[in-house]
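What follows is chain A paired twice: with chain B in the first complex and chain C in the second.
Let's turn to the complex of A and B:
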């Protein structure tokens, strides 16, 4: 199977031009930009980038590549963090950004169908007057196609789930260029293998997703958000654990450590306390929100959390969450010129305090500069290591740190990635964690993409 | 209903196969007598019956693993079976196949309140999980009406739901991990106690796979704290349309009730005659809507739902005053199937799911079909999810009636697909909807699904004849396994 991938030649370029006309580029700058993501990983530019505008075009492009066994790398917004879009074997990058149409919104059924290039913010702007919203909000302006392909999550997964729970059906161009539809708009189905689930999180390795039908939610009657500082990270995390265990349906609960708060204050011009902090949000009826907030305030107070700063006006809430969403960029600004290495472990909630405490201690011993943020309600947190990719010793140190962190999480019955996916950055951890199941994943990859042209070198080695 | 032609060669080797299985599962775990095999001849879809070649009841994962490797080596087909309550014929035996029953996998292995997780063997009943944690105020949310009997492994295999799935999700939304055995005997662990897992979503893929990809031996599920309070409304309407409008209006108002079920007149009457739940007899449609959560919130929601109901033209609204009355409201709905069983010698339960806004339209067309075929239909459904369960009433002893029911049922399911829905919301495809799969999926869609099968079981030994109308050689599907000009499975059955 390990045949060397074929390279792009003039004949293929000609065939692609017939499909997309001038929407094709081989310029070094464009290729470079499409072979890198927002992480420390070394960029690998594709040989050519094509900008597709329809499912038919994508099908034509994939067919042309399949015939010549040339790799195809789907590209959404390029915000992934594990070298997902790196063209490890060259090939054709399909940029789906121009597929930016909202195809249909069905308010009565609370679903919407969008093209892959629509971003989450575009979708929510489009939905503004319907009283509905789409909750999943990774901290970057990602495309819905990319979010589907990485099974993305966000700050409110604790309440609304991840892409896994919120994709109802897909249109996918397969590795040989045929087009399938995985399901329908029905809210539930037990008809046949759940290919929807299989494609959600497949990172472009099984096909190109061109259309996505999503679940929408009604904007809650009442929303309120709050910020609360704690004496130590452990106190903050224990507040999270008790909140989750007491069954309070918080919509968001996010942790930022002291250094991250300093970074956020500087970057977003805010004046929060420089201390470990939780950001909360509650959704529901007026009464339910009031009751939830009271319970959480009591738990926090027991653990030394004080001065709940409330934001009930939409503009204040937006400011608060904008600061949270900008956390990565705020961290990067602490060390100009650095790149972020973002770890992504996730552990059962009962082990979260232990895992974060040990990780903080490990960090204190290491020379690395880092911040900690996390979707802690899910047991998921990120250590953002600020590294200089040109310093080999620093990268090696980060690697060792990350490996210790992942092994710590696995020993606690956790996982190496809660939301960012495998890409090519975490393939070895997948094996450490899943053992035999990786064999099944490889068999699936081989069955659905026998020539290994779809984003080769990601998730599993063939 | 055509099934793959039994392989006479396998049947001829029955005693060798029995001997092989007895080496793995000693004593009474291998069932061979006709009388005892009879127990396994059908499942909840009792219109179709077949004696299995052999039944084996393993007790450990190691035994399941040995059984599967043995069957693979011998080329023997396998039908996995939980509690056999499938309504789609998913466990219909094969004359040349071994039924592997998980009845002895009945232990709960771990209850972890801190993480709100239960780990159970796959044969534990759905209700058994809730029972094990009830004293601490917890429960397992998906609640199929068959929950006293059906197994958690069967629930995973069909992605079962229940009356509370609208708010709390189907099996797939409450499942965190699995231990399963592949056809080659390998034991695989998927997921665990943490939120999400990485790589391909094998857990999602296994959910609803109807025994075609492997045998599930252990299941990790999320448990929830019982809501502080729950109250139900019983809302009567003079037409199905206004009931449908009310469902849309409640959801449209941003309310996700704990449960929202609808019954039509024949179902209301049958249920009322059977359990005396206090349902009004003079309405065309009845909604049961439940609000759950903290007391203050429930009160507020009940008020809002009541107001919406009246705006939608409800002719009759009752609100449960206490827990006893709430349970009574539900008793009628939960007993709807046996209640229908009392008024008709036989009934056939369908399971189409449609986008919610097509409800009234589809009900009207079902009414027309009922007239056309002269067969009564009672409708109960998970209205909030758009999941219909039309029950077609018939008498199997009347010649031709089953065939008429099958034809009418197929028309109802086609109708569901036509309005943008699916063939099955929660019961699975089995043999029942197998030959209708092409109304919902194109040839390419189906081939792609079967490529997945090839990754797990390219010899089609696991539950063949279920879900897919034709078996494709995996080689034909693009994964060329031609060895010296020979296909590995030259005589794969077509049906």
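Let's turn to the complex of A and C:
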């Protein structure tokens, strides 16, 4: 039984103006921009966008919406990939971008507290002189609030984990406008249920995250990078398996497929081998990163790895990794004017080579143009489908391909999303993957947001 | 009359919970019962004993992943992992001796549901960070699964995090899939002798901030160090601050030396080899220093406090200024274990009142059942959080049939 959400009216606009003054917009352009993310999903603009500057303002806004049962959609940087910010039922978008203060840094405890709108890059710039850094890097210039809400990860996950492991505490505005602090800076919260982590990855459906305390890490004394081409994807993946199993604490391991390497060669005028290629990065002491690179070189050599190259100086490392850094733009350049539709399955690493090989064969049979980039240390890989959003048949073909890919991953004990989340784009896949757990999630949603105003229509249908 | 129900399959667990929910009959859920005395005494009518749900279901050493039924003994899991030179990364404590239920009885889901996380937590994460997926039966009487066997999975709410530390009050886990880690080739421990608590916390912070990849950091004041299982530590006659380095031998040797140089200003330095290190950290993990003054010997009450590391020494000083007892520190100063002379109210107001502005929480881990029934075992929550906790419990277990009252009265 779907209850039709209430709409924004003049009375609510007036109430919101009392909270945020002139920081409110109903202009079509502003609403349009806040209803779209970086995905292929159709944008759904909210009725009004308010620009909050404090937790108190957010609480006031949510209270005003709750009284009228109007949907609330939190907005960070708009870099999500499954339509997380789409205002499917209209409502009030709370743009948290202006909440961009670093509240506190505690170097001795290695943590920092930031407002939700602070971006990853802003935080690391701020931390520059402390010898600490925040490692989670999803690629996009995402906000920390958004990364927390989507449980983001990225290329560093092998060594540093994901947002799941690195959020220590939160301030959250609940669906009725009350404010809670889920834990404090103390490292561990056996003080009751771990509500902090329940909000991490809740995609704005349980509350609005306004402040986040994060775990920080010492900037490594040394970093080394390595690149190696392989005859087959299976050889590359086996190198990764042996590397991790031997306890080498790799910071990043990325795989680019042959097509992607060709794209980069063309785009950046480079001369990499046109073959599946692994990119490594090691963090540690001078001695450790050298040892790690040598260990991996030995493993790779046994598995047919060619042209193993490694470097420690920043400019040399950047050169080695250039292909990886340019991957997305190089792919898009394969078909100018098109958009990248990025898929996101994750499978047990023992099935990864098989999954990528089958997916490559699938692509060869289809008219779609695509490249593959994988965070192979985690079994997570992305197919970048280059589609023309105006061609309905092409979008339909991409959807069919994605469905086959997800089902292939599920059949291999994998998941439909390793890091992008459910949003409204993958709700049916969530049901396919988890069945009855969706009912448990719905019960949690109803317990915390009985009127279904928090980002309605995402993760679970109510 | 209390009855013990011993389902042999996940299907039978489902039937049992469905029956309990229909009858609104509370169940005490247990694996081996080694941690029955951890938490508030639950007034359950019947016992749901999971001991028949035992056995490793999947172990892929190449993939660093293992699935096991709920009550699989940790001893079996450790043995299987050791054959492949692997281990559980979260170092679950064996609290049996501390709680008076004997050593080596704990089960995998018991460790996970209590979120037991050992000294390695500062680097490797807590139990909850090692769960990849699980199957469970909710208090509503529905089977569900969460996660899977891959490292990254963002399919909706992170239910594994809710389960870890829920003490069986939300759902009955029937199996769990965890990631496992390679056993390090070499483990050494650098000791700094004679540092005061506050100095020791500074030393640990400096070490943890360094590039030397410390995997555990603990501080034992002299009275605690004296009962160490490691002869050279017990004989030191001084406080001992310990920093663990693990990995390939050349790297460990180098890092241990570098660490000793880094910490020169804090006191004399010593080093423990691999065998000594393993014994030393096992005792820290299992709170072994406080076992001897346990049930038979006057029962010191044992508290566990989680605070910001830099505030740890101050919190302990405030408590021990007003009460007889001993403390030691794990997690670089962020985890305090206190053994205090027994009091009818556990001294809970003084203990919790000592926690400063940086926040934190205190759990009464060992005390007589009547004390645990009378004072809050887990940190009381401020009103909005308490209400949220009650709502989450209700979402999973509306009839309150799973371990009711184990964590909070009436929840």
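Note that the second predicted complex is superposed on the first by the 433 of 462 C-alpha atoms of A that agree within 3 Å, B and C clash if a C-alpha of one lies under 4 Å from a C-alpha of the other, contacts with A are read in each partner's own complex, and residues count from 1 in each chain.
FYI, contacts are C-beta pairs under 8 Å (C-beta built on N, C-alpha and C of every residue); 3 or more make two chains touch, one makes a residue touch a chain.
Computed from a predicted structure; not experimentally measured.
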Once chain A from each complex is brought into register, does chain C clash with chain B or fit beside it?
clash
With both complexes overlaid on chain A, does A:367 touch chain B (first), chain C (second), both or neither?
neither
Go through the superposed model and pick first if A:22 touches only chain B, second if only chain C, both, or neither.
neither
Partner chain in contact with A:336 - chain B first, chain C second, else both or neither:
neither
Go through chain A and flag every residue that touches chain B in one model and chain C in the other.
106-111, 131, 151, 153, 157, 161-162, 164-165, 174, 178-195, 197-198, 200-202, 206, 218, 220-221, 245, 247, 284-285, 287-288, 291, 346-350, 378-380, 413-419, 421-422, 426, 430, 433-441, 443-444, 446-448, 459-460
Sort out for me which residues of chain A touch chain C in the complex.
106-111, 131-132, 150-151, 153, 157, 161-162, 164-165, 174, 178-195, 197-198, 200-202, 206, 218, 220-222, 241, 244-247, 249, 284-285, 287-288, 291, 346-350, 375, 378-380, 413-422, 426, 430, 433-441, 443-444, 446-448, 459-460
Touching residues of chain A toward chain B in the complex: what are they?
106-111, 131, 151, 153, 157, 161-162, 164-165, 174, 176, 178-198, 200-202, 206, 218-221, 245, 247, 284-288, 291, 346-350, 378-380, 413-419, 421-422, 426, 430, 433-441, 443-448, 450, 459-460
Tell me, which parts of chain C touch chain A in their complex?
60-65, 114-115, 117, 121-122, 125-126, 128-129, 138, 140, 142-146, 148-159, 161-162, 164-166, 170, 181-182, 184-185, 202, 205, 208-213, 247-248, 250-251, 254-255, 258, 304, 306-310, 331, 334-335, 358-361, 363, 378-379, 381-382, 384-385, 388-389, 391-396, 407-408
Residue positions on chain B within touch of chain A in the complex are 112, 114-117, 158-161, 165, 169-170, 172-173, 182, 186-190, 192-202, 204-205, 207-209, 212-213, 224-225, 248, 251-255, 293-294, 296-297, 300-301, 353-357, 385-387, 417, 420-429, 433, 437, 440-442, 444-446, 448-449, 451-456, 467-468, 474, 477-480
